[in-house]
C-alpha cells in the first residue's frame, strides 16, 4: 500500500446547523478540517496509507483534531504537539441565491508559528510514494513557507512524487508574495492542481474567454492555462477543476487533466449541493489515488471528478466516499437509486 | 368503516440526522417501520381501521414499535408479544449523485421465528374487508411463509380481499426460492402490486424495452408485464409503480393500474425527495383505500400515485398524508402554496 | 439615520425541525415573528433605526419576543408590556408537492385586546420618517383597527410617510369587513403593497388573465390592478409581488412597482426555498429602505425583489440579509459562490 | 380489565431543553399533558383500560395531543374534535435554589368553551369502573364545571366510583368560587386527593403546625386535614401527598391515606428530581390502580407513593413507570442498580 | 435609572452539550461572554441601564457577540467594530470528581489589540453612575491596561464610582506584572471584589488558615484579607466570595462584605451546580446593584450572594435572574417550589 | 511503550438522550462499546499502545465501530472484517430511585459466530506485554470460548501477562456453564478482577456478610472472596470492585487489591453519576496500567479506583480520563474546582 504524506494546517471548523445564518446560531457543528488534512482523509477512505504532517496544540482541542483524523484512518504520528492555538474557521452554508460564507480565524496557529526545523522531512518522507501540499501552507507564515520548501526538496531527493494545489487565499497573502513564494516551490512539483482563478491570481496566467461568475466554461481557455502553467514550471501533469455556479444550491462540476500534450475532460455533473467546502481537496485526493493506481489520463480525471462530485453531497470537509462508490458513479450510475 | 389487516415485520429504523453518512453519525433518529406496517399506518391516516399483525419482543424496544403504531392510529391487538429481538435497519439518506443506503439487521427477529400457529387467522380476519402482505413477509423464514399461506387461505375462505406487493428483497432469499414460495401464494391474491424488477426477479416476467437505471419509462413494456402477471395468476388487478431516477434528490414518479383488460396511467410527478423509503408502501395503501372506496381505475391510480408522491416529501417510512391532501394533489394542485 | 415605526403583532412561531410534519415533532423551533415585526427586523439589518410598536405580556414568553427583536437591533421602547397572552402560530414546512401549513393561535392576544389609547402616537411617531403597518393589524380586533387609524392620522399630521401591505387574512375577517375597514385607512397611505389576491379579496379589484395556482404571470394584469388601486385611493406608489409556485420547494419570484404612471418590473428569480414565510414582509422592508434612500423606481423594485429573494433562503421569518448582500444580488451576482 | 374514565384538559406543554431558561431557548420540547390526561396515561402504563374525555381542535396540533395519548395506550374515542385552540403551558425546569416556572396559556381552549351537552356521560361512563377528575376541570369555565357536575351525577347513577384531586389553581379562579363550585361536586366523590394547601385554599380547612415552605412534615396536621375533609363531604377515603422541598433539585416525597378511621403513611423517599410536573397526578393514578386492585390501605398508599416517586425521575408529565417497577420500589429496592 | 459602564472583552464561548467531554463533542453550544460583559448582562436583567465598552471585529461573529448583548438588554453603542478576531474559550462542564475545564484562545483579539485612544472615556462615562472592570482587562495587553487606567482616571474626574474584581488569570500574566499594573489601578477603585486566591496572587496578601482545596472556610482569615486590601489601597468597600468545593457538582457558596470597619457575612447556600462559570461576575453585578440601590451592607451581601447562588443554576455565563427572584431567595425561600 | 491486547465484542450502544425513557425516545445516541473494547480505549487514553482483537461486519456500521476505536487511539489491525451483524445494546439511564436499564441484542454477532482459527494468536500477541479479556467473551459462543482458550494458552507460551474480569452475564449463559468454561480458562490468568456477585455466580464463592442491594460493604467478606479465588486458581493478584448503591444517581465506589497475602483497600468516593456503564471496565484498564507501571499495590488500587470514579462522570462506556486527571484525584483533589 502506497504511503502519502500531506502537510498543512488542520483547523476547527464551526458551522451553524442546516441553513441557519451565523447570527441565528445557538450551536455550531464542530469538525476539523484543512486543505491537506482533507486530502489525507479522503485518501484514507480509499484505503491508502495517508499520513498528515502538522502541528497542533497539546490541549484537548488539538487532541480533537488528531482524533478526527484517526477516526477516519489517517496516520497522525507526524503531527507535532505544541503551540498555543488551533486555527479555526466558520462556515455559513448558502442556499439558492445566498452564497456560503467563510470567516477565518487562523492567524498565529501552532502550525503557522512552528519552526521549519521541527519537521524532520527525511524521516517523515521515508518510504512515502507521494507528498502533497497546497498553496495555503506556505501562505501561513514565512516559517511554513520554508518548511514547505524543505519538504519538497527532501521529496525530490527521496524520489517522492510531489503534488500541489495552488489554492490561492487572498486573505492570507498578496498575489505578489504568493507568486514569488510559490514560484520557488513549483520546480519541485510533479502534479499541479489549479482552477483558472488560482493561475491568474498567483502567476498572472489567464485565459481570456471564460467568465467565472456566470459559470461559463471554455475548454480552450482551460487548456491554454494548463499549457502555460506546464511550460513555465515543467509539471508532469496539470489538472484544473471547473465549477459552473448556477446558485448556492446547484452547480455544474467537471475537470480537466493535461498531460503536457493532451487535455482530457471529464463529464460534467449537475450537483445538488449538501456541502461544497472541501470539493477541490477531494478532487486532488482522488487524482493522487488515480495516478498512484496508474489509471490512464481519461480514467484518472473521470475518477477525480466523480469523487469530488460525491463530496458535494457529503457534510463537512472530508470526502467520505469509497473507491467503490466513486467507481460506480464514474462508471455511469448517477441515478442515486437506493442501495439495499 | 372497513377494516384492513396487514401482516409482516416492524423494525427499528435508525438513520443519521439530515444528510450525514453513517460514519459521521453520533446519533440516529429512531422510528419503527416495515412494508406492511407502513401500509397500515398510511391507511389509518386515511381514517380507515387498520390492524397490523406481527410479533415483537415483550421488552421496551418492542413496546416502542407498538407505541409508534398506536400513535398513528393503527390497531395493535394482533401484535403478539414475545421472542428475543426486534429487527432493525439502518438508512443513510442520499443526495444528488450519492445514493441512499440501507443496511438490514433483521435476521432472527421475533416475527421471523414466530410459529405459524401463533396467528389465529380466523379470529384476526373476522370482520375484515381486506388483507395485505408483501413479498418480504414470506421471505423472512419458512415459518413466516407458512403463516402467510395460512393467512391468505383464511382470507379466501372468509371472503376477505387479498393484496400483495411483490417487494423482492435479494438479501432475504434467492429468485428461485422467491418464485417458488410466492408462486404458491399468488393464487389467493386479488390485487398484485409490483415494479418491473420485482416481476422479473420473482417470476422471470420482463419487458424488453425499459432501462431502469436510466429512468426511462416504457408504457408498453409495463402493460406487458402486468398482462403476463395477471394471466399467470389470475389477479383481478395489477398495479405497477414507475420510478424515474434522475438523482438521489430528484425522481419522476408515476404508476399504472391494469384491470385485466385496460391499463390506466397516472400523471408523472417530478419529486424533490425528502425521504423515499416507504414510497412503494404508501402507493399500496392508497390503492387499497381507492379500491375499498370503489374509485374507478383512473381515479384509483391517480389517488395512489398522488399519495405516494406526497410520501416522498415526508420523513421516515410512514406516509402521514391525509385523504384531503392527496385529493388536492390528485385534483391538480401541485403548486405547494402555503395553506394558511 | 431615518427612523421607521412599524405597528402590529409579534407572535411565538413554532415549527418542527427540518421537514418533519406536526404530528412527528417532539420539538418545535421557537422564534418570534409577525408581519410588521419582520419588517422592522429587516430594516434594522439594513442599518436603519427601526422601532416596533405593539403590546406583549409582562411574562417571560413576552420577554422572549422583546429579546428576539432587540437581538436583531430593533428598538423595543414602544412595546407596551401587559395583557395575558402572546399570540402563537405553528408552521410546518412543505417540500415538493406537499404544501407548507400554518396554524394560527392568535385570538385574544395582548395586542388584540389592547385599547387604542394605550398607544401615544404623537410620541411614538415623533422624529420618525416612516410608518408601516399591514392589513393584519386592523384585522386583529376593532381596537387594533382603531389604533391603526389613530396611527395613520397622526402620521399624516406629523408628515410621516405611511406604507401598508394589504396582507389579507381570511381567517381573521371577511372580505366585506376588510374592505370597509381598510377602505377607511387607505386615504392615509402613501405606498401600498399587495399581491393580486389581496386586491381582489379586500377591494374586489382584479385582473382577468393571471391564474395564480398555475404560477402564470401576466404583466398587463398586474399593471391593471396597480392602476385601479392607485386611482381608487390616491397612493403615491403601489407595489405588487409576483410569486410563481412551481412546488413547495421551488418558486419564481419577482415584483412590480407602479409609480402612478409607469410600471417597473424586476427580474424574476428562480428560488430554491429554505423558508418562505416572511417573504412578502422582506419585500416591504426593502422597498421602504429603497424609497427612503431615494432609489429610482427601477432600482427600488430590483432591490426589494433581490432582498426578498434572499429571504427565501433564510430560516424563520426575519430577513437577515444585509444591504451589501442585497446589492450584490441585485447587481447580478446570483451564482452563490462561496465568499471567503 | 377495569375501565377508567378521566375528564379534563390536555394541553401542549412546551419546555426549553435541559435547564435553559425561557429567554435562552431557541427550541421547546413539545409534549401534551394535563392533570386528568396524565392520570389516564399512567393508568394505561399499568395495563388498565383508561379513556380520556375532552375536546381538542380538529387541526393538527389537536391531533398531536390525541396521538400522544394513543401512543401511550390511552383510549381517545371520548375526545370530541372541534373548537379553535388547544391550551398550552410553558415549563422552565428549576435547579438548586432556582424554582421551576409554569406559565399557562389555556384560556378559551376547546375544552373550556365546550358545552356541557356535548358530553354524553351515560354513554361515556357505560361499563366504566371509575371516574376521575381534578379541581382544574371545573375551574376552566362555567361550562366545564357544569360538565363535571353532569359527569359525577351520571357516575353516581351508574355506580361508577368517583375520585377527585382538589388541585387548586389560583390563576384559574378564586378560593371563594372554587369553594362554592367544588363544594357542589364533593358529595359525589368517593376518593378525595389533596395536599394541605388545596384543602386550605378551596375549603378553608387547615392544620396549624406544618410550614410548607420549609418542607416540614407534620403527621398530626395531615391527619387533621384529612379528617376534616372526610367529615365535611363524606368521602370514603382521603389521600394527601406530602412534599418536603429541600431545593428544586431535591425533595422528600411521601403520602398518607385516610380511610375514615385510620391514617396510613408511606415511607418517605428522598428524590433527586428529573421532572416533578405531574407528580401529583401520578400519585392519583397509582392510588386508583391500588384501590381497583383491592390493595389494603397500607399497600395502596405505599404503591401510590412509590409510583409518584418514580415519576419525579421521568421527563414530561406522564408517569411512564410500570407496575413491576413500582412494586420493586415499593418492595424496598430503591438502590437504582442497573437492570441487565 | 442609573447607568453603569463595564469595560472588557467579550468572547465566543464554546461548550459541548451536557456533560460530554471535549473529545466527544460533535457540536458546541455557542454563547458570548466575558467577565465584564457578564456583569453588564446581569445588571440589565435587574432593570439597570448597562452599557458594555469593548471592541469586536466587524464580521458576523463579532456581530453575534453584539446581538447576544442586545438580546439581554445591554447597550452596545460603546462597542467599537474592528480588528481581526473575537477571542474564544472552550468550557467542558465537570461533574462529581471530574473538574470543569476551560481552554482560552483569546490572544490577539480585537480588544487586546485596540489602542487606548480608541476609547473616548469622557464621552463613554458621561452620565454614568458606575464604572466596572476586572483584572482580566488590563491583563489582555499593555494597551488594554492603559485603556483601563484612562478609564478609571476619567471616572474619578467625573465622579463615577469604580469597582474592580481582581480576577487573577495566571495564563494571561505573572503575579509580578499583575501586582504592578493592578497596583497602579487600585487607587481609583472604590469597591474591590476578590477571593482569597486573587489577593494572594496579585498582591501577596494572604490569610494563613483557610485551605481552599478542601473547601474550608475561615471567617477570620477572610476578614484579615479584606482589611489588608482596604488598608493598602483605600477601598471604600471590599467584598470576598467564598466557595467551598465539595465536588464539581456540589459547592457551598457564600460571601462577605467589609465596609472598612465591619464585616458582613451572607448565609451559605449549598448549590447543586448547573453551570458555575460566571458565578463571580454575577456576584459583582448584584453587589453593584445593591450599592446603587443603597442597600445596607448586610442586605447588600445577602442580595449579591443570593444572586450568584442562582447563577450556578443557569446555563452559560450570563446571570439571567431577576431582582424578584433574587429577593425571594435572599428573603429565605430556597425551597425551589414550582411557581405556577 | 507496552502493548496490550484485549479480545472481545464491540457493540453498537444506543441510548435515549438525557433521562428520557426508551418509549419517549425519537433519537438514540450512538456509540460503540463492549467490556474489552472499553478497556482498550481507556488504556489508549493513558498513552498505552492498546490493540483490540475482534470481528465486525464489513459494512458501514462495522466501520463505525472501528472508527470509534481509532478515534480514541486504539489499534484496530486485529479486528477481522466479516460476518453479518454487529451486536447492539440499548441503555436507558436511570435517576434517583429509577434504575438504569440495559437491553441486549447481541446474539449471532460477527464475533460470536467467528471461528477460533480466524484469530492468529501467535501473531496478535507477538510483542505484547499484556492480554485482557472478560467473562463475556467466552459466554458469547462455544467458538468464542475456544478462541479465548487459544488466546490465553498462546499468551502463557509467549510470556504475556493475562488478566480476566469475571463479568458474569446471566443472560448469556448459566452459572453452571460459566463455572465450567471459566474454570478452564482461569489457570492461565495472572490477574483476576471480580465483584462479589461474579465470584458467587461463576464459582460459587461467596462471603456471608455483605448485602449488595443495601450497599453495605464488608471488608472481611471481600478479603475472604479474594483469598478463595486466589487459592482455587493460583492468581497472582485478585481485585474486587465495591459499589454501594444509594440510588441510580448516587453511589459509593471503592475497590480492593489482594496480592495473595495482603489486601489493599482504596478510599471510597461518593459519586454523583453521569453514566455508570463501563465503570468496571475502567477499573480493569487502570489496574492493568498500574501494574504495567509497577505501582505498589496500594498505589495501584488507588489509581484504579480513582480512574473508575472519574468514569462515572463521563458519558458512554469509554473512560476518557487521562493519567494526569486520575493522578490528581488519587492524590486527593476531589473538589472538582475549575481548571483554567
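Chains here go by letter, A, B, C, D, E and F, matching the order in which they are written, and residues are numbered from 1 within each.
Everything below uses one rule, namely that contacts are C-beta pairs under 8 Å (C-beta built on N, C-alpha and C of every residue); 3 or more make two chains touch, one makes a residue touch a chain.
Not measured: the values here are computed from a predicted model.
Two chain pairs, B-D and D-F, are compared here, and D-F has more C-beta pairs in contact (counted per touch definition above). Residues touching across the subunit A-subunit F interface largely coincide between the two copies, over half of the numbers being common to both. Comparing the centres of all chains, each the average of its CA atoms, the largest separation from subunit A belongs to D. Separation between the centroids of subunit C and subunit D, computed from CA atoms only, is 44 Å.
Residues of subunit F in contact with at least two other chains: 18, 21, 23, 26, 67, 72, 101, 103.
Considering their complex, residues 67-68, 70-73 of subunit B touch subunit D.
By the touch criterion given at the top, residues 18-21, 23-24, 94-104, 169, 171, 213-215, 245-250, 276-277 of subunit D touch subunit E in their complex. Residue ranges of subunit E in contact with subunit D, taken from their complex: 18, 72, 269-274, 306, 309-310, 312-316, 320-321, 325, 329, 333-340.
Within the complex formed with subunit D, the subunit C residues making contact are 14, 17, 21-23, 25-31, 59-61, 63-64, 67, 84-86, 88, 90, 92, 101, 103, 105, 107-108.
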